[in-house]
Structure formats: structure tokens, C-alpha cells
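Consider the two complexes below, in which subunit A is the common component and subunit B and subunit C are the respective partners.
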Partner chain A sequence: MAAIIRFNQVGFQYPKRESMFADLSLHIEQGQWVTIVGPNGSGKSTLTKLMNGLLAPRSGTIQIGGVTLDGHTVSDIHRRVGYLFQNPDNQFIAATVQDDMAFGMENRCLSQEEMQRRINQVSVELGIQDWLHRHPSSLSGGQKQRVAIAGLLVLDPEVMIWDEATSMLDEQARREFMTRMRQLRVERRLTIVSVTHDAEEIMASDRVLVIKDGKLVAGLTPMELFVQGELLQECCLRPPFAVELSLELRRRGVDVDICRDEEELVNALWPSCPVKS
Partner chain B sequence: MMQSSKLVMGRYVEASSWVHRLDPRAKLVAMLLFLAAVISAHSLVELSTITVIALLILASSGIPLSRYGRASKPLWPLMFFMFLFYVLFEQGGSPLFEIGSFHVSSEGVLLGLSAVWRMLLLVCFTSILTFTTTPIELNLGLEAVLKPLKFIGVSPQQWTMMITIALRFIPTIFEEADRILKAQASRGADINDLKLAAKGKMLLTLLVPIIVGAFRRAEDLVQAMESRGYVLDRARTSLRVLKWQRIDSLFLIGFGMLLIFTFVM
Partner chain C sequence: MAIVSSEKLGYQYVVNGGSAQSFALKDISFEWEQGQFYAILGAAGSGKSTLLQHLNGILQPTVGRIRVLDVMFEAGVKQKGLKPLRKRVGLVFQFPEQQLFADTVEQDLMFGPLQFGMSEQEARQAAREALHTVGLPEAVLTMNPFQLSGGQMRKAAIAAVLASNPDLLVLDEPTATLDPLSRQELIQLLHRLTVEQGKTVVVVTHRLDEVLPAASHYMLMKAGRLVFQGSRAELLAQPLQLQDAGLALPAALRLRQLLDERCKERSSVLEAKGQEVPITASEWAERLIEVRQIHQMRKREQDGEQALSPTVRSTKLLQQQQSEQSAELGANVYYAITRDSESAVRSLCVLKGEDER
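Coming up: the complex of A and B.
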């Protein structure tokens, strides 16, 4: 599979502050779901903002789908890389849901018919067709985040970045969000890059990049990450309950595989249970 | 939620009349023509012609006339003062009676009445603009009408973008204020229990977190706008396209004729 995002020796520094990244190289493959984790202030958000051109690197090159990011291509890259922010409240521009969905398309100078067509298509896809005329402030947190996704999907992006996009949602809304994103990812063949502290969200991804002190310290699968206690502690993460429990069981001598979720764990333990007859 | 929806819709009153369906550009320009006509009208004939036309349009807008009357309420003291001024200081015409050292004349009463009448006409009739046009439409109309200002270096697109964002964020910021007030009340500082001076002080302490919050929002918003492809002053299309119809032309021509009529008379 081809790399859709490629960083070559990228250096970045906020004005009047210490250097954030000095020589960062990484790549993300097309269609992958990649989670970025790391301690607070390690530069996770900065990294994702570099990916869609919101910030410009001081040195090195960033390529998105083979196109090198610079002043001329940044506009095209904004479209190809959708960015979902943490606070859904602060990313709405217009006073109704449909006007907000149109915002990105208006900037691309699409025709009115085309805009209407895409709004109809995406609103049905996300099940938001009944809210098109509502004001964003009358929606709940989960609904807002769904509308924000709609505003990105109408631009038909190839990559979707979530910057702690689920951190302000309640448990049910978060689950809904995850289910929807899994589905979208398959249907639209999206590449997903997410910044999160949520164990289940990390577990759902294909690969985890660990960023620390402006360096890429590890690139591994979620399962590999969750069994490395030290690395987890550095990133202020905890493994999902099922993983934690299976690790603890193994420590106490129960022969069980490390399981991703509760159901898997139950199925793994079931055969070894003594059955009373 | 009621409060925020009211703020968003401004003074818009929902009804389906031909006035509601008029193009906002036509309404905006017609209001200017109406303003000019009212100012240049002097005789009783002119004023009553304008009044009849205004009343006919107001009556057909599907909104009760009393609503327009209420719109002028904040200006009643000003109208009263204007009337008093004319009555007391205008000396022409035949004297009617005296109040102390002031001589009240028929001319003064007439001029006073016509000034109040004109003001009433203006306020009531221009309310039609905000009553029958949603803020979003009004904003679009404004952008179109202000387009000529581009030549003197003013960008109507920037102005309308500002209005759009204001329309979007006013309810959010009110909600935030409400939340902070409740948070303060839950810690024992209920604004409703305070005296006026203390109330003012409390509102001042409310301003700081709200302004700080607004700046934080603005920073996020700028990035959200940029990542969705907004570039300042670059050409963009619009989801909502205004449609100019024959009735809009007729509406404008009508007001143009009214203005000419007041000039000729």
C-alpha cells in the first residue's frame, strides 16, 4: 500500500519557543487508521496540524498523496485532509446546519446544484437530514460532531484527522461516533489519523505512533502498545479493561490469550471453567 | 433554547405573504427610496399618499398592524419631544393660545404633527424589512447591495462574513454567560438576590471569562475556517442564491415613482 502522508526530516518551531520537532520522519499508509499518542505537550496536535497545512514546517518536506505541501498546494491539501476539532462548538461557521455544510464547498466555488446534491447525499448518509434547518447551538454534543463530520465529508476528503474529537462527548455519543466512523472508513476508503487518550479508540486503530519530546519513539500495533507498561505510563494511558484483566490473569498463572474486549475474554475463559454437573 | 432561537431569528415574524417572498435586495433598496420619499414629502397630499401606500403594504404582509405599532414604541418619548419642540417654538400661522410665555400657533401644531407622523411612517415601514426577511436572507441582500463599495476599498464579503459569524455565535455566547451565572449562583452568588450596584459589579466579573472564552473560540474558529478552505477575500459561491423576479422589479419601480411624485409635487 502506498503512503498517503509522508514526513521527511520535518522541523517545526512555534515562534519564540523551543524547537518542537527537529528531524521527524514518518509515513502513514493509505486506508490505515493511525492513532497518535504521547504525553501532554509532546506535540500531537502540532503534528496533525502540520499534516493538513494549518502549520507550515520550518525545514524538511511533507507530502500528502505524493503532493508536496507548500504555499501553492496548501489549499488543495486542506480539501483532501479534513480536520475535526476537539470542541464541536467552535468549528461551526453558519447559522444553520445546511449553510454550515455548504461553507467548505462555497470556498471551493462549487455550483449551487452540486452543493445541494452533496448536502442531500451526505445528510442521508449520516442521518442528519432532519436537522438541516436547525441552528448549531440547538444540537447536542454528539449531534454537533456528526454535523461537523458532514461539513468535511461534502468535500470528499481522503484523510480525516480527529484532534481528540470524542473527548467532549458522552459515552453513548462516543460509541455512536466510533461505529459511524468505522462504517465511513470502509465505505469511503478513508485514512484516519486520530489523537486520543481513549483506550477503546486506540484499540480500534491499526497502528499507533508514540510521540515524545518531539520524536517518534515507537510505531506499533495497539496490542503491542498495551502490553508495554512503561511506555503506557509515560503517555498517561491505561489499557482497556479486557487487556488489563487478561494481563493480570496471566500474571496469576491463568493460561489465557491477551484479549481485545470483554466478549473475547469471556470466550477465552469459558472452556477452562470447571462445569458442575 | 427558546431564548437562543429568538436571538437567531431577530425580529423575523413567520408568515407567507408576497412581501416575505420579495427579494431582500429589492426590499433594501425600496426602503432607501421610501426614506427619501418621506423626507422630501411636505404637503398633506404627499404625506397621505405615502401613508395609504405604506398601510396597504403593511396590511398585506400577513403580520398584524399592531406589531408594527409596537416596533415604534421605544421612539415614543422622542416623538413627543419633537412635537413639543415644534408646538412651543414655531411662531408662524394664526396664534391659538398661550402657555406662560409660549405662544402656541396653528403652524406649530401642524408642523409638529407632520414631523411625528413622518417618523412613525419611517419606523413602522422599515420594520417590514426585519419582520419579513430572515437574518440570513438580509445578510445576502446586504452583501449584494453593498457590492459597489468594493471600488472604494471596502469588502462587503468581510462584513457579511462578520455578520454570519455573529449570528452563529451570539446564542452560544449567551448560553455560556448563562452557564457561568448558574455556576456562580450554585456557589452562593445569585444575581437575582443582589442590589442594583452589586448586580452591575457581578456582571462585570462575568465579562472577563466570557471575553476570554470568546477569544479562545475565535482562535479555534480561524483554524476551522482555514482548514475548510476559507481564504480572505477570495471569490466564493453561495448555497443560497437570490432570485430576482418580476414582482421585485415592479416593487422597486413603484417606490421610484413614489419618490418622483414627492419631488414633482
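Coming up: the complex of A and C.
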């Protein structure tokens, strides 16, 4: 599979602060769902902002789909790589939800009809039809994030970056959203880069990149990460409940595989139990 | 006396310049006692945040009434001069950056105490103590709040509220956007405040999982109404209501349900223990091992019984009884189960025990 995002010896530094990345190289394959984890202040968000040109590297090169990110290509790359912020208030511009969704498309010179079509489609998808004429600030935190996600989806991006983006969604909305993301990824061959602390979200991804001290220290599967207690602690993470419980059981001498969820765990503990069809 | 009590509280937002009205809260009645940890649960838009804003008069009821400490808010009566109340009710909003504004963390932490009439000296002291309570190092005092990490900012915002020494601490989604370790720490910190300082803590959240080990009382909101209030055990007995209110079941409850569905026998053992549903992974590990052992023991007994003739079985049970007799008397009863041969042995043993006495 081709790499859609490639960092070659990237250096980055915020003004008047210590260097964040000196020589960072990594790549993310097209269609993959990649989670970025690391200790607080390790530069996870900085890394994702470099990916869509919100920040510019001091040295090295960044390529998106083979195109090198520079002053000429940055606006094109903005469109191809959607960025969803942690706090949805940072994402709103217009006075109504609908206008806000239209804003990004207006910059892409789409026809009025096409814009309306996309707004309708995405608002139904995300269940926000009833709010289209409301002011974004009149929505609750979780509702705002759904609107922000809609504003991104109408642009039909190739890569989506989630910077702790689902942390304000309630559980049901988050789960629905995750299901939808899995679907979208398959349908549109979407690449997802997610910065998150959520165990379930990490578990849902294909690959985890661990960033520490400005370096890529590990690239592994979610399960490989969750069984490394020390690394988890460093990244301020906790494993999913089923993994934690499997580990607790093993610690007490019970011979059980490490399970991803409660269902797997019950099956592993009592294979003779009738499995619900 | 309850420190907050609400009677049929309702709140109507006025939209489109008064032409349309929508109820954000309806018919909310409850009482909160001092020193307790309350969790208000509900999905996005259920009215949790609207309710919070009634606690220090940012919003005032349009229907019914709510008494907070010694201030009564009643529909139609606009309360003013709320500074004394606001000193005693600390509100921490969803995003801490909304609450921090000064050049240094110290100024932010001293702002409340100074506003509420403390001297410069006292305010400085209060700021330090609050910082210590939330576990931030003194070095951050001179820093700009916006240099802090998300977790530190959250703690600083809570410290800024604690510095005024409120009786009631109300936090709106305090753990959102924090990493899991900081979340756990924060909930533990809030729990300590109730136990050690007798503060009343109210947390609005949609993550039941993380408040479960700490909160003693729960309120469940749905579409502006209070659909449940009660203890942890009562809440956990209502999985359908939780799902109906748009909440994810906590992992502990999911596991419990799976056991119920799949293995009636095992879950009945859980119940027979007469204990609350285990919450943490280690509590669950202990309990599952217990359940397995009991199950295996029963199975062994059953298998053994089937293979042996009634006479041999009685003999074996007798031997078992005798070997355990020295250990403890209470154990006798366990093996006295139902079948014929066993009943026989049981009577024998009882007689034998009486003889010995």
C-alpha cells in the first residue's frame, strides 16, 4: 500500500521554546486508521498540525499523497486533509449551522445545488437536520462537535485528523460515530489519523504510533500497546476494561488469553457457556 | 438540612426573540445533602448544564423553585446580590480556559478570594493551599495559565474555585479532554474533598464508568427531565434506564449482563454472595475466580456422584466430613445437600457431632 503521509527528517520548534522534533521520519499508509499516542507535551497535536500545513516544519519534508507540502501546495493540502479540533468552538465561523457547513465548500467553488445536496446528505447522516438554522453557540458541547464533524465531511477529504475530537461526544453519539467512521473508511478509502486517549478508539485503529521526546519510539498494534504497562503509564493511558481484567486474572494465575472485550472474556473463561446467537 | 433542594424546577429558553419557547428543564425535584458526591448523568442536550447554571443563579427558574444554601430562587422573583452565594458555590465549566484570564496562575487563583473580601496576604495563602490540594507544583504560580497542559489547566481552574473555599463544588464534565490517568486522579481528588473537607461535590458527566467508584448518589436526566435518582446499587439495577437515557453501560455492568445472558448459573453465584456488583477490574478478577472455584467444586461433586454407587458415595461423604470435622463445624452444613444418600450422611454427621459434644 502507498504511503499517503510521509515525514522525512522533519524538524520543528515553536518560537522561543526548545526544539520539539529534530529528525522525525514516519509514514502512514493510505486507508489506515492510525492513532498517535505519547506523554503529555510530547507533540502529538503538533505532529498532526504539521500533517495538514497548519504548522510548517523548520527542516525536512512532508509529503501528502506524493505532493510535497510547501507554500504553493498548502491550500490544496488543507482541502485533502481535514482537521477536527478538540474544542468545536474553535471550528465555527458562521451564524448558523448550515452556513458553517457551507463555508468550507464556498472556498472550493462548488455550485449552490451541489452544496445544498452535500449539506442535506451529511446532516441526515449525522442526525443534525433539526439544527441547521440554529446558531452553533446555542448547541451543547456534544452537539457542537457533531456539527463540526459535518462541516468536515461535506468537503469530502481523503485524510481526516481527529485531535481528541470525540472527547466531547456522549457515549452513544461516539459509538455511532465510530461505526460510521469504519464504514466511511471502507467506502471512501479514507485515511484516519487520530490523537486520542480513549481506549476503545485506540483499539479500533489499525496501528499506533508512540511519540516520545520528539521521536517515534514505537509503531505497534493496539493490543501490543495495551499489554505494555510501563509504556501505557508513560503515555497516561489505561487499557480497555476487558484487557485490564484479563491481565488481573493472569496475575492471579488464571490461564486466560488477553481479551479485547467483555464478550471475548466470558467466552475464554467459560467455553462451555451457550453462546448467544 | 439539605444544602440544595429543588421543587418542580423548570426552565424555558426563549428563542427567536420570544416567539418560540422550549423547555430545557421540566419538573425537577431533588435534595442534596452536605458532604456527598453526586453525579448527574445524561446524554448531550439532556439539560445537565442548564441545571448546573441554576446553582449560583446564572439562570433562574421560570417554573417552580430551587433553594441553594440560604438563597431561594423562585419563578417570577429575580434574585440579586448573589456575591455571598457565589463565594460558597464554586462552578467549574466545561472548558477551563473559559475561566482562566489573568497573566499568571497565581493572579487567577487569588482573584476569587480578593473578590470575596480576603486580604492580599490571605488570598496568596488561599491560592497556595488550593494549588496544593489539586496537586500542582508551586512553580506554576508564576506561569501564564495558557502555558499549562490541558490537564494542568483543568486542575488550575478547579484550584481557582477551591481558593474561595466553597461549600458546594459543581463541575461540568470535569474530565472531558483529560487523559485517562489524569481523569482517575481528578475524580479521586474530588472524592477526597467530600471525605476530608466535607465539601459537597456535584459532577455532570456522560461517563458513568469513571464516577462509579467515587459517587454515592446518581441523577439521570433525559430530555430535560429527571428520570432517576438513587444510590449506586439502585442505578446499577437499572441498565435499561441507563441505555434509554443515552448512556453507555459501564464495563462492569456489561460484563454482568453477559454473565446473566450466558451463564445464569454463574451469575446466580454472584448474586448469592449478596454483594454489590464489582466495579474495578481487580474486584472483578477476585469475584470471577471465586465464581469459577465454586462452579468447579459443584461440578466435581456432581461428576463424582454420578460415577459412584450410593453406598460408596455415602462412605466418601462420611470420610470427607470426618476429615473436615477438625477444621470447622460450619463446614459440615455445606456438604449436607439434597439427595438421599447425602441426607443420610447428614443425619449421621449431626448425630455424630452431638455425640462428641
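Following the convention adopted for this analysis, the second predicted complex is superposed on the first by the 265 of 277 C-alpha atoms of A that agree within 3 Å, B and C clash if a C-alpha of one lies under 4 Å from a C-alpha of the other, contacts with A are read in each partner's own complex, and residues count from 1 in each chain.
Going forward, a residue touches a chain if its C-beta (ideal position, glycine included) is under 8 Å from a C-beta of that chain, and two chains touch if they have at least 3 such contacts.
Since we're looking at a predicted model, the values are computed, not measured.
Novice: With the two complexes overlaid on their shared chain, look at subunit A and say whether subunit B and subunit C clash or fit.
Specialist: Verdict on subunit A: clash between subunit B and subunit C.
Novice: Identify the partner contact of A:Arg260: answer first if only subunit B is touched, second if only subunit C is, both if each is, neither if none is.
Specialist: Neither: A:Arg260 stays clear of subunit B and subunit C.
Novice: Could you tell me if A:Arg238 is touching subunit B, subunit C, both of them or neither one (first, second, both, neither)?
Specialist: Touch partner of A:Arg238: subunit C, not subunit B.
Novice: One more residue to check, A:Asn87. First (subunit B), second (subunit C), both or neither?
Specialist: It touches subunit B and subunit C both.
Novice: Figure out whether A:Arg6 sits in contact with subunit B (first) or subunit C (second), or with both, or with neither.
Specialist: Neither partner.
Novice: Taking the superposition on A as described, I'd like to know which of subunit B and subunit C A:Ser111 touches: first, second, both or neither.
Specialist: A:Ser111 contacts subunit B only, not subunit C.
Novice: Give one of first, second, both or neither to describe whether A:Ala95 is in contact with subunit B, with subunit C, with both, or with none.
Specialist: It touches subunit B, and subunit C stays clear.
Novice: Where does A:Lys44 make contact in the superposed view: on subunit B (first), on subunit C (second), on both, or on neither?
Specialist: In the superposed model, A:Lys44 contacts neither subunit B nor subunit C.
Novice: Looking only at the overlay on chain A, choose which of 19-27, 37-45, 91-99 or 181-189 in subunit B hits subunit C.
Specialist: 181-189
Novice: Both subunit B and subunit C contact which residues of subunit A?
Specialist: Residues 87, 89, 138, which sit in both footprints.
Novice: Quick one: in the complex, what on subunit A touches subunit B?
Specialist: Subunit A residues touching subunit B: 49, 52-54, 75, 78-79, 81-83, 85, 87, 89-96, 98-99, 102-112, 115-116, 119, 135-138, 151-152, 155.
Novice: Which residues of subunit A touch subunit C once you look at their complex with the stated criterion?
Specialist: Touching subunit C: residues 40-41, 86-87, 89, 138-143, 164, 167-173, 175, 197, 199, 233, 235-238, 240-242, 244-245, 247-249, 251-252, 254, 262-263, 265-266, 269-270, 273-276 of subunit A.
Novice: Tell me, which parts of subunit C touch subunit A in their complex?
Specialist: Answer in residue numbers: 15, 43-45, 49, 94-95, 149-151, 173, 176-182, 184, 206-207, 209, 246-248, 251-252, 254-255, 258-259, 261-263, 266, 281-282, 284-286, 288-289, 292.
Novice: Contact residues on subunit B for subunit A in the complex?
Specialist: 1, 4-5, 8, 135-136, 164-165, 167-168, 171-172, 175, 216-217, 220-221, 223-231, 234-241
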